[in-house]
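Order of writing sets the labels: A, B, C, D and E. Residues in every chain begin at 1.
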Amino acid sequence: MQMAAAKEAVAGAPLLTVNNIEVIYDHVILVLKGVSLEVPEGGVVALLGANGAGKTTTLKAISNLLRTERGEVTKGSIEFQGARVDSLSPNDLVKRGVIQVMEGRHCFEHLTVEENLLTGAYTRGGKRAEIDRDLQMVYGYFPRLKERRNAQAGYTSGGEQQMTAIGRALMSRPKMILLDEPSMGLAPQLVEEIFDIVKRLNQQEGVSILLAEQNTNIALKFATYGYILENGRVVMDGDAETLGSNEDVKEFYLGLSAGGRKSYRDVKHYKRRKRWLA
Amino acid sequence: PVWAAGEMVLPSLVYRTGAYAPNGVPFANGVSDYIALVNAKGGINGVKIKLVECETGYKTDVGVECYEKLKGEGATGAAVFNPLSTGITYQLIEKTWVDKVPVHSMGYGRTAAADGRVFKWTFNFPTTYWSQASAVIKYIGDQEGGMGNLKGKKIAHVFHNSPYGKEANPTLEILADKFGYELIMLPVDHPGQEQKATWLQIRRKKPDWVFMSGWGVMNQVAIKEAAAVNYPMDHFIGNWWSSTESDVLPAGDAAKGYKGANFHGAGADWALHGDILATLYGGDKAKAGGKNFGEVLYNRGIVNAVFSTEAIRTAMGKFGDKPLTGEQVRWGLENLDLTAARLKALGLEDFTNPVKVTCEDHETMGPVRIQQWDGGKWVYVSDWIKPMRNVVRPLVERAAAAYAQEKGITPRKCDGSD
Amino acid sequence: MLYREAGQFKSSYGADQAVFPIAQDRWFIAAAAVFAFVVVPLIADDYWLQAILIPLLVYALAALGLNVLTGYAGQLSLGTGGFMAVGAYMSYKITTAFPELNIIVVFLFSGLFSAAVGIVFGLPSLRIKGFYLAVATLAAQFFLIWLFNKVGWFYNYNPSGTIDAPPRAMLGVLITGAEAQPEVKYLTALSLLSVFALLTKNLVRSSVGRAWMAIRDMDIAAEIIGIRPLRTKLLAFAISSFICGVAGAELFALHFGSVETLAFDINLSFLILFMVIIGGLGSILGSILGAAFMVLMPIALTNLFVGGLGMQAVTAKHTEFMVFGGLIIFFLIVEPHGLARLWQIAKEKLRLWPFPY
Amino acid sequence: MSQPQKKIGDTLLKVEDISLSFGGVKAISGVSFEIKEQEILAIIGPNGAGKSSMLNVINGFYHPQEGTITYKGEARHQMRPHNAAKQGIARTFQNIALFKGMSTLDNIMTGRLLKMRRNFLWQALYWGPALKEELAHRERVEQIIDFLEIQAIRKTQVGRLPYGLQKRVELGRALAAEPDLLLLDEPMAGMNVEEKEDMCRFVLDVNDEFGTTIALIEHDMGVVMDISDRVVVLDYGRKIADGSPDEVRGNKNVIDAYLGVSHD
Amino acid sequence: MGVLNEFFVLPFLDIAEAPLFFIEVIIGGLSAGVMYSLVALGFVLIFKASGVFNFAQGVLALFAALTLVGIMEWGVPAPVALLLTAAVMVGLAFAVERLVLRPLVNQEHIILFMSTIGLAYFLEGLGDTLWGSNVKKLDIGIPEQSFEIGGVLLNQFELVAAATAGTLVAVLAVFFHYTRVGRALRAVADDHQAALSVGIPLKTIWVIVWSVAGIVALVAGIMWGSKSGVQFSLSLIALKALPVLILGGFTSVPGAIVGGLIIGVGEKIGEVYWGPALGGAIENWFAYVLALMFLVFRPQGLFGEKIIERV
């Protein structure tokens, strides 16, 4: 609805354009009902929405992992750097610089933490020195991983796995990262750190980011632009500040009521629900 | 399907696929060539034989399916079933007496069926595993210079660990008691691709003779292993399912000297073969060779087909020259008298022994001959050896009686009343 | 828009838990039952009954048994042939020892023996999982077959080493043996299958079934919520081998009439497993559909190639192998969760019809 | 609505000097704390601090090398998880551990397994006492479903549910066991504020209405501070703080090790 | 008493009586074990790299051997025929990837297992159609003479087999553990989807492993085929590899060889010394029981990757 406005709001040419896609799982379950969005070169775009809104599905549609879940894009198109990428394999996409950090970690259980990280550099071939340097960079970001480098990933804690998954994606030197709930299961300190890392990547290396995140607070803090998804449709979009100051967003995504942040203890027995679309 | 008038159906259960295809293919070719020849010459007394092949893959359940499909085929139903597998034979024995179609399991199947009083619908002439075992022991005794010399000798039985492979055991045991040789039992599990342990034991126990009831790949491996432990090949005798071209060829030179039992000739030097070559292959030997022409199992297929057609011919003597029902063919089988003269007329002089079936004796206990692989072909190294009827027949009758009791069958009297 | 659940409200949990909550389904099932129990025996000939339907029903029962273990409890097993052999050989022993005993009772007792054996061979499942367990169950397969081959007592020492089903009647009607009518055998197999299918359905929708599925889906979590893994798994082994044992007894007494151990060799184990996977793991209907697929498809292909296209028997067989293999892969690609799931999707589509989704 | 005054009772579970290591990795070293009846205890700490391991120790999945656990006044040794369940300990998992092939309803029904008595023969008949029992439990489960507001997904296979709903179903399964002690491992990870509010409401209601004692691990400080009665902080396997939310929030060690900036 | 004697005394007396023969049994076991390892290796490769329990491995060996013999029958010299066959196996790998694995990516193990059954049927039909079902002699010139050293009988063929298996295992073990592709293979086995997401090209990986497994199958086919002739039964050798597989671990290349040796020696000793007391032919189940005993202590096999149990 506000596509025009969106275009104005973001600077730079769109790096990724998702054009009115529709996704069906298992031939019968319609999940995305026409989602459009754009990520500008060098932008950080947040994808917000309740559970089951279709954030993960959108990201998987972009990274082409849908097919492995018996889902398919039945309508619309996806363009990256102006070229259509809907039919590329995930591997080609990674080569072009689009990588996804999957929700729920998905580490390679039997590989050690370090081996996990190295698999991230698969597409880069055998450039030993460079890869080593990046490995050190990831360890720099996540010192905990360095300590646990020789542990089998399957036996590391939830947070450690999350770090491994993010670090693994960084190892591919992407142009664009699709981040699916990076903050999940991370200690608050680390959440901040991760977003700092994201920001640094974005600003120093020009990596663009599409971020699906439940932690709206922090997502809007770091993102330049946001889309709100509900029931498989984009119901609202705008730049981060506009969204952040919208009353509904405030109430339902940021947990702020008119009188500032309300306590979780107080929401107990009553509940008002609002949805943009029925 | 539409059946031409004056045609009768002979079902042929074959296995041209699966683990045993190397054995099934030549056999099936022998049968089909012979029937083609008969038809080319105008059929049996003018009645054409329609051979309907059904592929079983040597699987029992598929065999049963084939049987059910073919038993009513044609205007008069199937003439006679040759199940070509012990497992399938067992299934059919019972079914056939309800459906009134005879089964002929030639040299395999249920040995007790030799007692025709209990097994009215089942035939297993010209001979059985039990008879064969006794004949082989006779041969060994002969080689040792007389049955008396068997005392203290060691004979090993290497057998496929299945009811088929174990068939010869009781006979061998009884004979061991009788002649005083030591019997070493060495079962080999299906499929038998790995027989190190067996042949190590042979190397250790050094039996004077090894008799083998093998099947399929087990034979080829056994022959190789025997060579590998330097066992003297001419003291190694296979039964008639263990002495075919497929068994010796893969072993190459190692197989030279290996012996086997048989109840018919090997090679293509009979008049009938010439006939087939000329009529069906236009004299093209290479083409015929591709169809296993003259191989042991091809010839066995011919023998089998001869028995079937001759039984039909016999039955026609009674019921007239027209397509016959299974019941009528059964009569033909039971009254089959295949004389030497008839064999000669068929172009099979001395190819197999004359056979005369009776109501009591569905086996006839025909003689067995020992052949030896000379590296390129099988050659006879013995004369026809008669099995020891006095040992085998009581065993047969006992087993048949037990079966009759279990099933509640009253044996026939064989006095013409039934 | 005939297939709708709209307008069918369930007013109690009991109604909601019914096997077929939708009226159309109930009608369909009733019609199918009438067809199977009444129409088929009237119209089918010997070939259909003896060569196709009876084995189909028997295999379906075995598949049902294996589905309990593999589909519901998640324990992959390749010992089915062995457990069926126990059923077959024990039924032979029992019925020859007690000729007066009703043959159905004999079947059930043989099932009990099989269950006991199943429990013993299920013990390693506490520690061994997945394909490791599958291969380990081959120990059962090979050992049992060896045993029945080796020990004369099991086949009453008869020299041929095979067992033959003696004629047995119930209420004066012959059920086993050569003289028994194919229709009677068919109805016996069908009744047993129906009863067991119903009982199994009940089991899997009660707490036992849920415990099995919990173990299957995530055994650690299951243990943590209080399910005792060993007991649950052993119960699955027991019930599964019970059913397989009965199926083995049927295979012997109703279908073959005379068997040697070869009939229960490893190929049978594989065959039943294929049925379960193709039909649908964790689905009662799937067991039956899978059995139908594996029994009917090769026959249909042979008949098509030989009868329809006039191919040589061998060429037909080779082609059949290729086509059959291709079909398996094709069906898996279309729907990895088996024919039962395909059927369900078809129903779902029907429900939405004429809209695509 | 008047809130019943919560009364925190005696010690329900006491953890003393627990040490747990895997090969060379020391996951927990010498940790002691108690959980009192009807309290909501939060366990927090950086990633890899040993929080989940602690829950695993409590419900018998891990066996600590040292230390004792006293539950309901009895010391336990080498307990198997299903025994813990029998004694009234239920939990949810950090990596969702639902039974993926089953529907929501069935998943929650598994939670009641320990309460079902009829043996499999009755169940095979699905009739008489077995049916009655089944329906009675179904009724209870439906209450839980209503309570968690997941009626709409009752018959959906849980593997297909979005993450947040799965967490909810998991909570449902744990509640179905009517536990005395409920262990929650990051129940609110991956949820937005609205959903967290829901979850908090469920947790608080369970605690109030059924008097269930709750130990939860959570990284969202807002949630922890708002709903817990007491907080235990772990770092590198050691306990570094234990006290009321306010005490912990101000604790210097905690800020350094975990919070980074102080949270309001 | 008699039974105890037969099981616990006589066999050992037997061993003590003829130590040289005992050594021969062990050597026999080792050489049989090597042959099992060759087959097991193919399974391990594919399982390790794609989590597929490849039911078609035996048929693959048969198909390879058939192709080799078939090509040699055209009069092509053995080395060229070998190369051509290897090329056919690589082609097959491409086909399998495209037609079977790709559409089934990310499916459960058992589904993939089932699809290989479809493949087995298909290849069986194809092999028969192309090359016929006669037994064919395979002779690529491996010497077969036996000779005695110090009273112990050795066979040249078996020595060649051992050397081949040893080399294969060493090369493959190194490949898996120390190369980038090897690491990617292991990643794929753990999680197809995640592997895709980090850009590991599943297609390439699968083609590589299936090609390697096809070539290993060719080697196994040659070894076994020389022994028994090339025929359908060759596909049944897969069964002999299964106990080896669980004992050594589904995922371990060295496990395949060690497992093979243990099973080989174990079952030969069992058969020769304890077999007679039990009536013989105990080898088959004995191998499984032996493997089971190891499994009870190590559920993932001797060298298999530890099964990760966590919540």
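Methods note: a residue touches a chain if its C-beta (ideal position, glycine included) is under 8 Å from a C-beta of that chain, and two chains touch if they have at least 3 such contacts.
In this text, all values refer to a predicted model and were calculated from it rather than measured experimentally.
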{"item": "Required steps from chain B to chain D (each step between touching chains, minimum)", "value": "2"}
{"item": "A-C or A-D, whichever has more C-beta pairs in contact", "value": "A-D"}
{"item": "Label of the chain whose CA centroid is most distant from the centroid of chain C", "value": "A"}
{"item": "Rounded Å distance between chain A and chain E, as computed from the means of their C-alpha atoms", "value": "44"}
{"item": "Approximate Å spacing (C-alpha centroids) for the pair chain C, chain D", "value": "41"}
{"item": "Whole-Å gap separating chain B and chain E, where each centre is the average of the chain's CA atoms", "value": "36"}
{"item": "Junction residues of chain E, two or more chains touched", "value": "128, 279, 281, 284, 310-311"}
{"item": "For chain C, residues that touch 2 or more chains besides their own", "value": "146, 220-221, 224, 317-318, 321"}
{"item": "Multi-chain contact residues (two or more partners), chain A", "value": "29, 155"}
{"item": "In contact (per the touch rule at the top): chain pairs", "value": "A-C, A-D, A-E, B-C, B-E, C-D, C-E, D-E"}
{"item": "Residue ranges of chain D in contact with chain C within the complex", "value": "59, 61, 80-82, 84-86, 90-91, 93, 97-102, 106, 109-114, 116, 118, 120, 123-126, 130-131, 134-135, 138-139, 142, 173-174, 177"}
{"item": "Partner chain E, residues of chain B touching it in the complex", "value": "16-22, 25, 161, 185-189, 191, 193-194, 196-198, 200-201, 203-204, 216-217, 220-221, 224, 228-230, 246, 249-252, 254"}
{"item": "Residue ranges of chain B in contact with chain C within the complex", "value": "1, 14, 16-17, 53-55, 57, 59-61, 64-65, 67-69, 71-72, 86-87, 90-91, 93-95, 97-98, 110-112, 161-163, 166-167, 170, 189-190, 395, 399, 402-403, 406-408"}
{"item": "Chain D partner contacts - residues on chain A that touch it in the complex", "value": "25, 29, 48-53, 56, 103-105, 144, 148, 151, 155-160, 162-163, 181, 184-193, 214-217, 252-255, 261, 263-265, 267-269, 271"}
{"item": "Contact footprint of chain D on chain E as seen in their complex", "value": "310-311"}
